[in-house]
Amino acid sequence: MSAGVGTQRDPGTARAPFGQRVRDWWNSRSRAEQWMITIPVVVLVYLLPMLNVFPLTTEPWTDYELALFNAARLGLIALGLNVVLGQAGLLDLGYVGFFAIGAYVAAIMTSRDSFLHNPHYSWLVVVPVAMAVTMISGVLIGTPTLRLRGDYLAIVTLGFGEMVRLLADNLDPLRGNRGFQDVGRPPGTHADGSPLFTQTDGKPWYWLTVTFIIVILLLIGNLERSRVGRAWVAIREDEDVAELMGIPTFRFKVWAFVMGAAIGGLSGVLYAGQVGFVNNQRFDVVTSILFVAAVVLGGSGNKVGVLLGALVISYLPDRFQLAPQYRFLAFGIALIVLMIFRPQGLLGARQRLLARGRQAYQRLVGTPEPVSADSALTEQGKGGDL
Amino acid sequence: MSDTQPGTEPETQPESQAGAQAGAPPDAEGLSAEVREMTEEERAAHFAQVADAVAPDREIAVGVGDTLLELRDVTLRFGGLTALDSVSFELRRGEILGLIGPNGAGKTTCFNVMTGVYRPTSGQVRLEDRPLGRLKRHRITRHGIARTFQNIRLFDEMTALENVVVGADARHRTSVVGALCRLPRHWREEREGVERAMALLEFVGIADRAADRAKNLPYGYQRRLEIARALATEPKILCLDEPAAGFNPAEKDDLMSLIRRIRDDGYTVLLIEHDMRVVMGVTDRIVVLEFGKKIADGTPAEVRDDPAVVAAYLGVPDDGAA
Amino acid sequence: MALLEIAGMSVHYGRIEALRDVSLTVDEGEIVTLIGANGAGKTTTMRAVSGLIPLSRGSIRFNGEDITRLRADLRVRRGICQSPEGRGVFPGMTVRENLDMGCYARKDRKGIDADFERVFELFPRLKERISQQGGTLSGGEQQMVAIGRALMARPRLLLLDEPSMGLAPQFIQQIFAIITEINQQGTTVLLVEQNAQQALSRAHRGYVLETGSVTRSSAANELLADPAVKEAYLGIA
Amino acid sequence: MTYHLALTLAQTESHWIDFNVGLLRDEFWSNTIDGLAYGSIYALVAIGYTLVYGVLRLINFAHSEVFVVGAFGAYFTFVGLGYEPGPTLESGLVPLIVNLLLAGIVAMIASGVIALVLERVAYRPLRKRNAPRLVFLITAIGASFAIQQALLIWRGGNPEPAIRLLSPEAVFEFGTTRITNIQIIVFVASLLLLVVADVFVGRTRLGRGIRAVAQDPDTAALMGVNKERVIMLTFVLGGVLAGAASLFYVMQIPQGVLYNGGFLLGIKAFTAAVLGGIGNLRGALLGGLLLGVVENYGQSLFGGEWRDVVAFVLLIAILMVRPTGILGESLGKARV
Amino acid sequence: TDKTGEKQQSGGGQANAPAIKADPAPPLPDNAALPAGDGKGKCGKVSIAYIGTIAGASAALGLNILNGVKLAVKEHNDANPGCQVTLKQFDSEGSPDKAPGVVTQAINDKSILGVVGLAFSGESKAVGKAFNDAGLVTITPSATNPNLAKNGWKTFFRALGNDAVQAPAVAAFIGDQLKAKKVCVVRDDSEYGIGLADLVTQSLGSKATCQQKVKTGQKEFSAVVGAIDSQKPDAVFYSGYYPEAAPFVQQLRDDGFEGSVVAPDGVRDDEFVKNAGGSAEGVYLSCPCLPSAGFTKFSKDFQALAKRAPSTYSPEGYDATTILLKGLDKGLKTRPAMLDYVKSYQGQGLTKQFKWNGDGELTQTPVWMYEVKDGKIVQLKDMSKATS
């Protein structure tokens, strides 16, 4: 696409944009140095709920700790969706379906409204079961749909996401709008015997979620810097060529779907547990699209970016809560403005795709790996004749 | 879901069996800074090492000179249009075969049939005497056919090095679980992949731009990168679709020597090209297509003098046009 | 008078400076060719003249008018038409529709019909394929469509970016013959070619681009004779 | 335990969905007729999606709001003309036609204008900055949110009290099947508009420009196509058709004038567009009618609550067989 | 077929339904407790909360209550300089999935000692346990699902009759007054709609010949209307809220249905009448709420405050608030104290005598029938007496 003709920019100062300079700087640190910076940051993240003070606090409008939990939970979702959308470039508008499946599995296994005779499984059992069920549904949904390309995939996934919701709506055992109350929570009690995880106390939920995020970040990072991650990016860039270069594209796409699904399911379980109530209302298209918004806003394909994106999408409305009806108006406008000013997302997409990338590049060119800020999603799938 | 199907592919063994000429150094340009500073002997050793990595054992079942790939009466129709009309020819191990013909003769379509992009309406493509049948495209690549594209198709956002490593991944077998947990095979293959990819970039002469995004490379570098990526899949046959398009004559010379070196390293090459100087200069044998039919098949000299070919393709005798 | 006059043009792709201070002129009735290695900036020059990419410095005048900031489609109306690198065939349109697009700015039905005939005469292949979708044509066929389409526009200034790329030898001859012919009929041509030998022998003047700057410019036959040019671009050491 | 769970699900399954073949048989024709009338509204809205998608490869999520604004436009024209919520007023044929036309024009203008504003505010700046395609999706969502919320703030969360210029009366009736005056008006008018749009895009020079920009914007510019104008036109055309659709919708469902009243319809219309082959105008028509009709059969067969599920199952089933929709893409790029 | 294709004129739907004589609206009981109290209330900085829909789904129903609550708080604060109670409002949007969030908010606000709400049954169910865990007392002025009281929540109190009372009344009305033989019960997908539909079906017994389902937010009912049409019932009972009821009834009438239409409290609002166009005319509405016509002063003050007439559950909201305010006037400062106080509360309100049993249910509760006449909802009679 051409740039507008009327716009003459002065590129005289060929200085790297800020984001790029930060990244270059970061990449030129040694592993040890990077850890030295990472650890305090992680500690700070864990301490956030304690910093319930201006300007961080979202009170009096929104419970600060729960706002943090919700942001973290959306972060987890964004991480999962990022595997599908950011890594493999599969526009999944029905990701909420996996989130819903996770939540419903938790509800069915623990709520007393459930059709199971004795629905009191421990939360620790619920998590793996929910993830397994979502992974299976990922395969089931992915197998027929992933043969489609681009936006056809988008609309079909949207359809599947809606179908999950509609099934919950229509199938009596899933209780539709009435929902399941009293969904199970993780075990653990305070010293005084009251439960650790409650609907009203966000802190334990937040910590639990952050821990999940860190574990998943590490695992996903492993995947990314491996044959699998490269295959995903190749598929995103040009699926036909990827296949002609020997990548079993279909299988890897299903894998991306399944990985994303598992994480979506996990966040569904967390959501259901904290709210304690699951019905069909939270799993609509709008929610699904908000997930996509978090990923794209943060920088599709960039793990840290999408976490930031989730933070913006979830925390900002809580932080600057106007009168409720103005909130979404402002939010909508903010989305437009943010995207216009940072079309490549808050952090552009560029991940190292080689496990040994750092050494390889350093050896090669003597400078740290160059990372440029433009997004990796300029044109999906080029198509055309071979 | 298992990531590999054991037994269907030859095991990769990085053990050299490359020909004696393998160490021929590439042109001085396009060497990494590191290499440029080496002494002569160091450089020779380095290139020997490069050649090792570039041309590992491909366990080809047929001997040099025997038929490696065969098209048997391949016909392909698009609706009413017959793009290939019972085309038969064979590709022998170790040769450079030229595939020429007027525009729209069906050359690219031949590649598409060989690599599984299209399925022949009738007829067979046989690799090492086994029909490709309805093999998936990625399996065909793993069986040993790699290609470049008439309109360059790179993974634009990846660096040159990564593009090539993706090619090398075709031979890797790290599973998703293996990658997730970083099992030893993952590390081994990563190391192998990067080293091989670097060696290949050196081999085609663009190692100095290894860390650049593919889309930011000049056109000529992109063409070479495509070749390196295709080589990385450890093919038995390398199919090049108009690799010299958009090159000036000097660049074409470089390309010709590159193609020869590739063959010398033990690959078999199938080349589509319109530039007669390139075709006549590097091929051992030429197949000529016209309107989807084979009209000639022979050595460059034979083909050049074939009146049918002259009439159909070459037109006015080459009056010294570069 | 100079039909096209580029003065001090610089162009950037993001932070990459692709052209630096390029000046060149094309006179009415000339064939001017632009040669240079891969990545020298030839295509970028063409895109800038057509208005597909903005200048960061410098100016372009066409027929005495400053068109530096003119929209691309208006430049077409002024009489500049380009056959782009990579052909730019509309993949979902038939050959006929593609050719029709060339006359988007024209209204003379008669002249258009005559030009159709002329293009089909030049490329009989296209007539056979008149209702095939552009996207399924072979590389060379697409190139024919792209050139034919540009001819259909009957421009004052025709920009050809590597017209011979992907064409079989017999057509290469033909393409250059056509260029000379339409030039003689009054069309000014700015030509980018890797086939420098051919291009220079047909052109009046030539420019050499190296890494974004004009390093040499003179009459075409002088360039042909220049040993440095010979070595670098003609493949004759 | 998963096994146990699956078993429980399987055992209860047979009671979850009841088939009612009898009802489908009895209601077949009225289903078909309702479906065609409703489907033509889908089709009109679908054109807007298809056009914009064709040109910008953008799922214009805010198109449903374009539609809703049209509905408000039509509604307030009714109000302005002195109609009130409550029983339908009897009025002469001529004033009725004039008033409906007036409402239609206002709706079309309102939708067209909002579509244009949307393009200017949310999409054009991104185009200028060469933003990746997905980003347009996000601003589309942002715009959709913003318009919805603005309407919510302005008119509140309840539907506007229903106003009806014309109450449905059976014009033809056979058995239990009735064809009402409204259905006829909607169907015929929609079809007419669709034909006009199709001719416009397929036959005219500007239409060719739209297709050219859709396939290769840069080259289109090289052919002298004014890209910005074409894009503008596309949005306006889509908007105007959505405006017309909104009037028809309000005529059929007077309670539909609501801030988020276009949401589901928007998704359905987009589904219809994909079903027919997105980027393909006739596909949109076909997809819209098919979706409308099949949905109705589905709801007779399985019950009303399965209507949307039937719509999506249809979509998935068709895409499995024809991955680019029934008629295939035509504005879009050819694929390998 | 019984369809004539004739246009339905307003009120024409029940041409053959028997005319039902209306009872007068009850007057204000002399001993009714009022929020002003004795004007000697003493309390610290305390607040009560209204939680329910404000701007969300079925907003009109929520606003009816909220304005009643506001009126009570205003009268109280005007009369009691020593006890200025803050009213906090939380918009649950009437949906069970939004409610937990705002309820958490309310629970975490320690100044809130009592809650009027939640308005609807579904949302009440989703959050009852949280209130119970937090020990925050709630009095719902409107949620009618009987099961709400059976969850063992200690903090749940209901200021009106539940659907187990409403359903038999409705069934009696349909059977005895309308003389319908075949009744179609249409339910939405809410806790309330489903629960009430089941109870009504049960009470109707063999008269309930068909069942149909609709969904929250649905606007297009051709399937349901078609199915009803094929059953040809004498009456249709719609169990749900007005946003869906309005288009449903209109489409039902458009299709030529001529039998009676009966709907419950969720539909009893002027919004329904407005949105259904002429089709609302003649629809019968049941409600465990009293007509406020007899409460003249209340109605006048309400009109002055809210710029609209009191409607469904306005007096009930007022009563519930009064009870909480009386507790605060006593100087109660903690949630447990408030809970104990409400649990043992006994007294007359505008609408009825309040004294809760162990489940938080009242014993004597009226259920009135209403009818839409000339675009207005007018009372017919108290049906609870007819059944018990």
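By written order: A, B, C, D and E. Residues from 1 in each chain.
Note that contacts are C-beta pairs under 8 Å (C-beta built on N, C-alpha and C of every residue); 3 or more make two chains touch, one makes a residue touch a chain.
Because the structure is predicted, anything quoted here is derived from the model rather than measured.
Undergrad: Applying the touch definition from the top, give me the chains sitting in contact with each of subunit D and subunit E.
TA: Both subunit D and subunit E are touched by A, going by the contact rule given at the top.
Undergrad: Going by the touch criterion at the top, tell me which pair is linked by more C-beta contacts: A-B or A-E.
TA: A-B
Undergrad: Using CA atom averages as chain centres, what separation in Å is found between subunit A and subunit E?
TA: Those two chain centres are 41 Å apart.
Undergrad: Per the centroid of Cα atoms for each chain, what is the distance between subunit A and subunit D, given in Å?
TA: About 31 Å, centre to centre.
Undergrad: I'd like to verify one number: the distance from the centre of subunit B to the centre of subunit D, where each centre is the average of its C-alpha atoms, in whole angstrom.
TA: That gives a centre separation of 50 Å.
Undergrad: How many Å are there between the centre of subunit C and the centre of subunit D, using C-alpha atoms for each centre?
TA: Their C-alpha centroids are separated by 44 Å.
Undergrad: Subunit D: which residues touch two or more other chains?
TA: 152, 218, 221, 227, 305, 333-336
Undergrad: Tell me, which residues of subunit E touch at least two other chains?
TA: Expected reply: 55, 189, 215.
Undergrad: Quick check on subunit A: which residues sit in contact with 2+ other chains?
TA: Expected reply: 2-4, 7, 169, 240, 325, 378, 384-386.
Undergrad: Inside the complex, what are the residues of subunit B that reach subunit A?
TA: 1, 3, 32-34, 108, 111-112, 115-117, 136-138, 141-142, 146-147, 149-151, 153-158, 161-162, 165-167, 169-172, 174, 176, 179-182, 186-187, 189-191, 193-194, 198, 207, 210-213, 229-230, 233
Undergrad: Provide the residue numbers of subunit D that touch subunit C in the complex, in ascending order.
TA: The contact residues of subunit D facing subunit C are 205, 208-209, 211-212, 214-216, 218-228, 329-335.
Undergrad: For subunit E, which residues are in contact with subunit D within the complex?
TA: 1, 3, 5, 7-10, 55-57, 59-60, 189, 212-215, 217-224, 226-227, 229-230, 243, 246-247, 250, 254, 271, 274-278, 281, 375
Undergrad: Taking the touch rule as given, give the residues of subunit A at its contact with subunit E in the complex, in rising order.
TA: Subunit A reaches subunit E through residues 60, 62-63, 66, 169, 176-179, 181-182, 198-200, 275-277, 279, 281-282, 324-325.
Undergrad: For the complex, which residues does subunit E have touching subunit A?
TA: 55, 91, 95-101, 104-105, 107-109, 122, 125-130, 133-134, 188-191, 194, 215-216
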